[in-house]
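Order as written gives the chain letters A, B, C, D and E; numbering starts at 1 within each chain.
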């Protein structure tokens, strides 16, 4: 039933999609890739299928992420984004298809999933190799604005605080692949900007690949090299963001890309009124 | 509540540098160039191992025990006066069944157990509800129950005889007592383990006090109650050993005690085996109930 | 161990250790009270059991070399084909084995037990006594409502009027009579054999040194029993302390049962009377097979003891 | 996946209309005018009732029991030979303490209990870990444990004597056996009740297998383990009643059995009371542990 | 310690704040109130204080909501918004001060808090008076786009699905006071717009007071009659939105209000770049 994962790497996959592999929904394969010939891969997914109770949530999905690439993943609620992330994190093995990921991964789940029996700072250090000092946790928590809550029990955190603790826990790991599932959803505007900046900085310093699931199109365009839109179990749309960094929200090209993506997501930008 | 950014010489950078020396200085324009990564495949479960049906795997343990026993017996490590061989025991069991004494013992005992389970179930859950739901109930109920639960049956039997006579009543009372406490402890712990957030949600939905109990607290305490039930089912049969010392002339407990008084090791072993099967049966019942009632619960299932 | 050797559980010195099984207020107490534990040239390691059957379990398991029990447990041990051997016996009156009825009972004789409920501990000496008494009165076990109850439970049932009669042995008999909670309907006199035994493990009897020790131990025990004849109050006091019995009850029981015991030989008559018990229980299907009690006896320690039918010393109370 | 808007005549509108007839047609410009609402105050807890200290409230139950007992005794409902009065019992207890038999009994028993608890704790938790953590462990371990746990002590004593002799070993073995199963059942249930999401989180954090056990599974199973411990502490003393039938001449279990054999009802009651106190003590210990170890847990605490 | 809640209603509170009651941070008390003289009150909070471990998260807070008013509540993560909501819902009584709320309240919590042992549709019906038919739940779930998951166990829902189920559960209650704690945080753009519209419609039809906690300033301005900003345990800023409905995002006044609020929240609108 399962695709044999040990077959030799299929040469056609990485760079030159054949006609039958590329769907009609995959336009503009683009500039950003041309810049770096045959770059290292951080994620290779092919023919991935995941079904729940017979319903294929992910259906023959194909995904490549270059090492050091920042990819944003958009898509309707319930379209399978978190499922894909869990598979990439190696947490869901009830799958068919080929999935290749680096060994060092870090995940910030959609729900914070802090261990309720460990104080916040211990949660941050959990699973780190060696005997990391508390200062490591304190600094990571300070960066997400939680210095005053390091010694709290997770269940006493506010929604946004828990989300930031979870983010700090992922960022402190310094992974090769960073999987973020709506990590800023519960943050106010200012805190969100700071957290975004933090992720951006880690990404630049560390050079890790990032897969960011978000519902905020602006955020996706602001941060990512490439924005994917998931629908019906596959990557239905792909958009390279070739804007210079730092990016400017007021840039008309920014608004244009944002508008295109929103349209893809089914939002008629003109009708945004209650 | 400010977000400070790690300076380049912060400890965090140290970590990254020691682990990945090639992660160099950040640039303003994009990520640093990286060396090719070693990717590892995520191996689908379906290709990992073939499935042996559950019931078959679960019989491994008992079968292993049996094989061990037979082996020890036939190699003479276990001599007959220590523990008779499975064959001999099977023969004694056959006798006990064919002369009807085992079957009639089971029937008699089953009735007592049913009575005791019912009563004890009601009392145990009832008390647990009172103590679990209300602080005042806890204050009044919990301490006495914690006291009573450690009181040995044997000491209570005379009192039970005086209160309940020597008919079926004291026997059922003893079983009831045995059943009550494990249920109490586990249901109580279950109730007190229900997530406070869900209770709040229930309240905010306008549930009445009873609605809260029925729709939130009891389902939340169910996993605990199942453990209690598992224990209670076992205890109810164990209590027979005491219950059927009181004016009994049949029943599995009576058979057991009688065999002990008459030093009939073989009969004792048959009784022990019957008990072991009852344990398996109890487990089967609770497992089935759990499959039915706790299917909403995505928990750790072992690797 | 007893008061003197508290904490050690052993007496005497030497390389040989005799493992002795005991019950509270049994051999150890009587030997110690009579001063028979001095000058032992072997060690005695005491083990205390709550009743005869577990003690015999230990004998069977070779955990105990020798131990004292009543007249019924060996029968069941024999029925279960346990590895036990009766090596010594004492004969006393059976006045302590009694069927008791409440003071205000209308019953006057065993024959009237027909249709009544009688409490008895299954497999005890009283169980046999009940059967035998009924048989003598022309009744069978099926003619009464037998209620199997252990003594503590039976006491509760008896005093609260849940049963009409109670077949029991000393010191329970004395306890009821002393507290005036009931009266004797009939005793085991002439019905039960009034024997008590020392039972040894066959494996110990194969060991020459142990045999010698056992021989010495039995001698001391016989002397100790004789000592009781002249020291009833003293012994009653020790016994009461050991068992927690009220002293008056202990003294009454000592006078009724203990001081009547004389050491006797393990002979054919003894075997026959035990065989009768065994056969009775086999008839009641409590023993699964026909037992030959003789196989479980050993006469080598009889010495010059009188036959087992020797009349016991007369009981001093009635 | 479309969102349909309720038409004006949908069932939902019905509900609003029946419950609030003044909720009229929606307007495009703003909410409909509403009648003044009846507001109710949220009453702060602090002004609701005065606090009686916890320990005082918890003594209510035992004190009530005692009063009941004294009352029944003095009104003659409970006659002395049924259950002696508290006064008489206190006197007997005093005697037992002053002549040192109760204290020495407790000391002896305590040693045995400690040994059994330690061993049983290790075995019970160990087996639960094996069965809880690994499917294969469950397949092999669980069924035999479920079989053995319902096997009565009395039947095992002869076997234990044969295997372990008549020294301390069989006594500790019996206690061990008694302690093992409640711990096993509850720890196992606890492990299998750990939220799968947290396990996933632990895995994704790169915890090793042992790290996962230590930092996620064991803490998650702790509430269950506490219930098991509570039970085990009780059982360990109860098992003495059996354990100390084998070659014992002191210990609380022996005291109890002896008193029973020699019809010392008053001593039995003293023993029962000692047991009751042991129960309270066990509860106190576990409560303290829970306060210490489960403080992270915001759960329902009764009203 | 606690303020006596049974004292007669203080006449000065409702309409004419005295000098010492109105903080410096309360400007423009405004037009919307002038339209309906002495309207009914849905929420009255005065002198409310809530402390955790000695730290006063809410500190002498004052809040009035008119019946039928739509109020949005903004504020930094961890500033006490959820705490305030829980107090208004009557779930946290460890407080000091006066709090008056209507009897019929409905809450959508920040976390979905679905009963895991009840299928989604049963969760929606939970606590409704009478014996509501399943159709009621089906319709409510249909409105939030969950028709296909009505029969699922809550733990199998995606993050956004669970949030929508929780929202449906609150909306189906038809309350006098609707308390929503970031109800759209985990929704994609399209689903979010639909859900917003749904809340708006319920509000208009039902005429209930709504208190919406959100981090999305645009959303707040789009939906609310009045936007509050919480800070340091009090309502630090209040802004009436007197734009006509339906509101238009492209309206310059909209952008202006949005900018003002963002500034209040500490975001320098010009610096919105990563």
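Assume a residue touches a chain if its C-beta (ideal position, glycine included) is under 8 Å from a C-beta of that chain, and two chains touch if they have at least 3 such contacts.
Since the model is a prediction, treat every value here as computed from it, not as a measurement.
Common partners of chain A and chain B, by the touch rule above, are D, E.
Counted as hops between touching chains, the shortest connection from chain C to chain D is 1. Most remote chain with respect to chain E, judged by CA-atom centres, is C. Inter-chain contacts peak for the pair B-D.
Spacing of chain C relative to chain E, judged by their CA centroids, is 85 angstrom. Centroids of chain A and chain D (each the mean of its C-alpha atoms) stand 45 Å apart. The multi-chain contact residues of chain B, meaning those touching 2 or more other chains, are 1, 81, 158-159, 162, 197, 220, 260, 263, 265, 297-298. Within chain E, residues 76, 78, 90, 111, 145, 156, 191, 197, 245-246 each touch two or more of the remaining chains. The multi-chain contact residues of chain C, meaning those touching 2 or more other chains, are 57, 150, 152, 155-156, 160. All chain pairs in contact, by the document's touch criterion: A-B, A-D, A-E, B-C, B-D, B-E, C-D, D-E.
Interface of chain A with chain D (complex): residues 76, 78, 86, 89-91, 104-107, 109, 111, 113-118, 126-129, 153-156, 169, 173. Contact residues on chain A toward chain B in their complex (touch as defined above): 1-6, 40-44, 67-70, 87-88, 90, 93-103, 132-133, 135-136, 139-140, 142-145, 148, 172, 174, 176, 191, 194-195, 197-198, 201, 203-208, 225, 244-246. Contacts from chain B toward chain D in the complex involve residues 57-62, 64-65, 81-83, 131-144, 146-152, 154-156, 158-159, 162, 182, 185-186, 189, 191-197, 199, 217, 220, 223-224, 226-227, 230-231, 234, 237-238, 241, 253, 256-257, 259-260, 263, 265, 268-269, 271-272, 275-280, 282-283, 297-303.
Put simply, chain E touches chain A in their complex at residues 52, 74-78, 81-83, 110-111, 145, 149, 156-161, 164, 181-182, 185-193, 196-197, 200, 215, 217, 222-223, 245-249, 262, 265-267, 272-274. Those residues of chain D lying in contact with chain A across their complex are 1, 197-198, 200-207, 211, 215-216, 219-220, 222, 295-298.
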